[in-house]
Amino acid sequence: MAVMNYAAAAATSLGDAMRRDSAVVALGEDVGRGGIFGQYRGLQEAFGSERVIDTPISEATIMGAAVGMALTGLKPVIELRVIDFALCAMDEIINQAAKNRYMFGGQSHVPAVIRMPIGIWSASAAQHSQSLESWFTHVPGLVVVAPATPQDNYGLLQAALQCGDPVAYFEHKELWALDGEVDPGQPVPLGKAALRRSGDDLTIISWSKAVHWSLDAAEILARDGIEAEVIDLRTLWPWDREAVFASAAKTGRVLVAHEAIQVAGFGAEIAATLAEQTDARVARLGGPRAPVGYAPVLEAETRVTPSRIAAKARELLAR
Amino acid sequence: MAVMNYAAAAATSLGDAMRRDSAVVALGEDVGRGGIFGQYRGLQEAFGSERVIDTPISEATIMGAAVGMALTGLKPVIELRVIDFALCAMDEIINQAAKNRYMFGGQSHVPAVIRMPIGIWSASAAQHSQSLESWFTHVPGLVVVAPATPQDNYGLLQAALQCGDPVAYFEHKELWALDGEVDPGQPVPLGKAALRRSGDDLTIISWSKAVHWSLDAAEILARDGIEAEVIDLRTLWPWDREAVFASAAKTGRVLVAHEAIQVAGFGAEIAATLAEQTDARVARLGGPRAPVGYAPVLEAETRVTPSRIAAKARELLAR
Amino acid sequence: MMCRIRAFEDAAEEASRGGVAAFGQQAVGQAQVRGPLHLSTGQEAVAAGVCRHLRPNDYLTSTHRGHGHTLAKGADLERMMHELFGKATGFCGGRGGSMHIADFSVGMLGANGVVAAGIPIALGAAQSIKIRRVDAIAVTFFGDGAINRGPFAESLNWAAAFNLPILFVCEDNQWSATTKTGTMSAGQGAAARARSFGIEAEVVDGNDVGAVSETARGMIADIRAGKGPRLLHARTYRFKGHVSVDPAIYRDPKELEAALKSDPLLVTAAQLRAHGVAPTEIDAVLQAARTEVARAVETAGQAPWPAASDAFSQIQDTGAGQWL
Amino acid sequence: MMCRIRAFEDAAEEASRGGVAAFGQQAVGQAQVRGPLHLSTGQEAVAAGVCRHLRPNDYLTSTHRGHGHTLAKGADLERMMHELFGKATGFCGGRGGSMHIADFSVGMLGANGVVAAGIPIALGAAQSIKIRRVDAIAVTFFGDGAINRGPFAESLNWAAAFNLPILFVCEDNQWSATTKTGTMSAGQGAAARARSFGIEAEVVDGNDVGAVSETARGMIADIRAGKGPRLLHARTYRFKGHVSVDPAIYRDPKELEAALKSDPLLVTAAQLRAHGVAPTEIDAVLQAARTEVARAVETAGQAPWPAASDAFSQIQDTGAGQWL
């Protein structure tokens, strides 16, 4: 048990996995110097440049090569820096990594963890601020993960490396410095949500950085005696229906809050599923369908905030 | 007014646009020989190889170059063959074409029509059978279109070329040979759904090839006296809320049926919006979250069919 | 091997009539081999000449036109035909078909429906060989059109920067679908591009299996000796249309006519005759291949279809069973 | 021009302290220039030497490190600084910032946050020039690291295949973020790669504005004369970290020390002195630039922020107003 930040939790987790399993390797730009956010710190020193592999700026080939590595006995961790640049490697992720096993009738497996940090990274504007996790939930073959805490970043990375499937692994660009307790002995299973706060009046479902805003929103609501239950989904595919449905049955009202653009975001999937299968009232709050602007005032317009979540919750309660 | 197939309607429409507007050009692989589905037939002969441009197999650069063309006074029509290969050009579509105007504060515009046929193309297996239209509805800056008939392919292509925005234009891989009447004088506006069949018992919302299955499903239901209203959305972004909400108010039950994988498909957005804003009961039917297999029996499992739509409709009516 | 490939392609072509809608053709439904079928007829010498120097633990990636490569790498002909027929007994259990033919048991890591996509996969296999300190190499086949896609250049750079054990083979059939590749390719082709990354490269007559074999042998020996990547550019010709239903009306019939004169099977037959092999013996080889293929077609026709439930297996372990 | 770029970069750097979280630094919030700020300090001679031969109707695309290129293409310095401050009066109305600096009125079609993404855009502009029969050329700047991304190779091929009026300029500062580019780049670099596509290419000392200018002049004349694409590889050095907050502890301080000796401003000053220009005159130019920049910083500080509603304008016309 130690306090460390979200970036260090990832580096520690990867290091622990590499020590245990010689098949685990990491590759990507600038990983040798620890990654520009410290998320690979110390690893090349510990495991050498053959297992912590600096690469050219060749996203398509980074991902394609990782598929080749995975098919031949390795378990690559692929650094794509931010989801925005992962757009340069979509054929390799979607057509190659995700479909390989099925297409070849189970002759092959692609155990791989594809790190593609999401979210608004303050003042980084339209090409560095996207959250495209819902895209990957739409693609068969992929597991989709989005940790919100250092503990989960440690534990979910372990689980992702062990599961044997290609995992779209979404850290958040603004969580790197978040400190928290990390217990390496505490497993964090894929597909299990975490109850972050209990409440009876409504349920807020969230993941990644939006979990923290949701908790802040719950605080705001609590001042008026409204008790919100906050669920951190953690894994988007497969998502923890059991936890969500149980909470929905309890509160009868479910708000899904996420940073990604609301239109066709994963909130739509959850809300639609609830509408089809339960009597809960549903609402969503995601970003507007607008690129993220550079100036603080513009950026602020595209952010989902605690107060906006709280306002949306009140609206839902009034319905 | 003439009878022509869906491919010929597109070629005719593009030809008419090129005749009217010298800024319109087309580029992509094999367009000079008319495209492998005939969707560019006769155009290079008519307009020369400077305006109907054969390109190397370089999807990223096809799309990137088109952005440069659009920024400098042209209106490119970009042939990416199938959505599956468009994955090789995602940075250019998402980070460059879609965001350009906003990022540069309105100094620029990217009038462009990006043709990326969707759908299962029989016996073409996992890498040639995807329907990823929901991804593009999630991306600000883009208009999203999916014509179901020759008339709409003619008219929507006209509208797409005139709108001045980058348009993700999704023809269907199995509709090329579909014949229908085409009246070039009949405009088909963006953002307007088409009522394909009237009914009072439930509404089926659909687009692209699934419209035809939905109409067949309505026939099946009609045998049992169930009258389904069938709405062809035609434009996914902006979608025709007015038409959908009006029908939902009338029937009280809405089924969204699409070929794309159900999980995080655009049906989720429509269902979630209806659940948030109306009292209609909603249901979705999309493909399973599974890659499309080659053998007919496997492929059939991943197809949305008239009988499956009808069965889902009955389920919804029983709820 | 070349005869087996030719016999296979001819039989597959025969079984594919009406199997796909494109090039103005409609799918008629009752074809035994459905979907886009890309034949390597006329290009047999490249696959045969290169792969004879490979061991089962060497890795290979291929293209949409991958039957010849797969056979040459040692895959079972019958199971391949079964896969083309979409049967449960095929290599991919009917899930993949022609464009996704693969036999991982002999190191054949897959055909690919996306042009140039196999190249980085082989590159990764080569890096994996190095990391795991295995005595093997990786080989990747790709077309002349594929060299204009970014991943080819990225992979050349990477292979050279890491000195990886990989052989790049450009199988140049002069066409990219309906486009004459020369009109869309600048410079002196794949070999020149490889050399700009410091990779040794050679151009050979891809219709002469002896020439291909001889050059590949030397290059593969170098690669095994740790001398780094090599590129082989083999010039050949696509006898058929882009896919089996494509009548290829966009090309000058004279071009095909001329190319047929360098049919690699004829070239080899002539060489063998010059070495004193009796024509009947040569015919017998092709005859034997045709008999083998005919048997494969027959068993493929009788083999069972996959179960419908196979549509939902081998996708992923995590969350298996949850398809909606 | 070089002095104006230097003064601009120095001021921007000053205004950006604490402006972004990366490289172990935290954003403190009150910085005037926020977000990743990539400085071209030390690379001024490349922008200046190339762009002096361009006309306003020539097109230019740039990289994440695009201030120098933009100024050299003729953009207004003050409006640039306003954009870096995120103000309504900036070129992009505060929507873009440093990574998306652009001035379409002088043909500067944009910096780019994605490595190598500007290259195909310039290529398309060049094709557009040809289609519209305009008398102009396109130029694209990119880094040494960018040449390993596929779009660079794709664009070289395309430019040569279509004989387009485009100048490729590789601004080689020896580093790609925290990685020494040489370790990741095979072969003889950008020029060798261009030649493999049949594109004429030259390597110049990018710290010598005279040398850059002379070579660019010749190449641009050739391009204007319809002789097709050219590539210029200019060797220079990145004086600062990758972004302004990066202390660049990963590189040998001696390397920087040596590089500072070839500071393009010093090189030029020495040349001017040798031509009899008085040192005071030279100083005056830099001083004037610093004064101009100081004024820009001042007005930028006072300029108005964009309206919140600007977050929802200039996105798209079709469906405008529908953001949820």
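Which chain is which? They are A, B, C and D, in the order written, and residues in each are numbered from 1.
Methods note: a contact is a pair of C-beta atoms (placed from the backbone, for glycine too) under 8 Å apart; a residue touches a chain by one contact, two chains touch by 3 or more.
Model, not experiment: these values are computed from the prediction.
Undergrad: Which chain has its C-alpha centroid at the greatest distance from the C-alpha centroid of chain D?
TA: C
Undergrad: How many angstrom lie between the centres of chain B and chain D, each centre taken as the mean Cα position?
TA: Inter-chain centre distance comes to 39 Å.
Undergrad: Averaging only over C-alpha atoms, locate the centres of chain C and chain D and give their separation in whole Å.
TA: Inter-chain centre distance comes to 44 Å.
Undergrad: Need the CA-centroid distance for the pair chain B / chain C, whole Å please.
TA: For chain B versus chain C, the centre distance works out to 34 Å.
Undergrad: Using mean C-alpha positions as chain centres, tell me how far chain A is from chain B in Å, no decimals.
TA: 30
Undergrad: Going by the contact rule already set, what residues in chain B reach two or more other chains?
TA: Within chain B, the residues that touch at least two other chains are 55-56, 58, 60-61, 84-85, 88, 91, 95, 102-103, 125-127, 140-141, 237, 263, 288-291, 293.
Undergrad: Pull out every residue in chain C that's touching 2 or more other chains.
TA: Residues 92, 94-96, 100, 112-114, 148-151, 154, 157-158, 161, 183-185, 315, 322.
Undergrad: Graph shape for the chains shown, where an edge means the two chains touch. Line, ring, star, complete, or other?
TA: Chain contacts: complete, every pair touches.
Undergrad: Could you pull out which chain A residues touch chain D in their complex?
TA: My answer: residues 29-30, 32-33, 36-38, 54-61, 84-85, 88, 121-128, 174, 176-177, 262-263, 288-291, 293-298, 300-302.
Undergrad: Which stretch or stretches of chain D touch chain B in the complex?
TA: Chain D reaches chain B through residues 59, 61, 90-96, 100, 102-105, 109-110, 112-114, 117, 119-132, 138, 150-151, 154-155, 157-158, 161, 313-319, 322.
Undergrad: Residue numbers of chain D touching chain A in their complex, please.
TA: Those in contact with chain A are residues 19-24, 26-27, 34-36, 86-87, 92, 94-97, 99-100, 112-116, 145-146, 148-150, 176-179, 183-185, 242, 250, 305-308, 310-312, 315, 322-324.
Undergrad: Which residues, counting only chain B, touch chain A once they are in their complex?
TA: Chain B reaches chain A through residues 60, 84-85, 87-88, 90-91, 94-95, 98-99, 102-103, 125-127, 130, 132, 134-135, 137-141, 237, 260-261, 263-269, 271-272, 274-276, 282-284, 288-291, 293.
Undergrad: Note which residues of chain B are touching chain D in the complex, please.
TA: Interface residues on the chain B side: 25, 50-51, 53, 55-56, 58, 60-61, 63-74, 76, 91-92, 95-96, 100-108, 140-143, 163-167, 190-191, 237-238.
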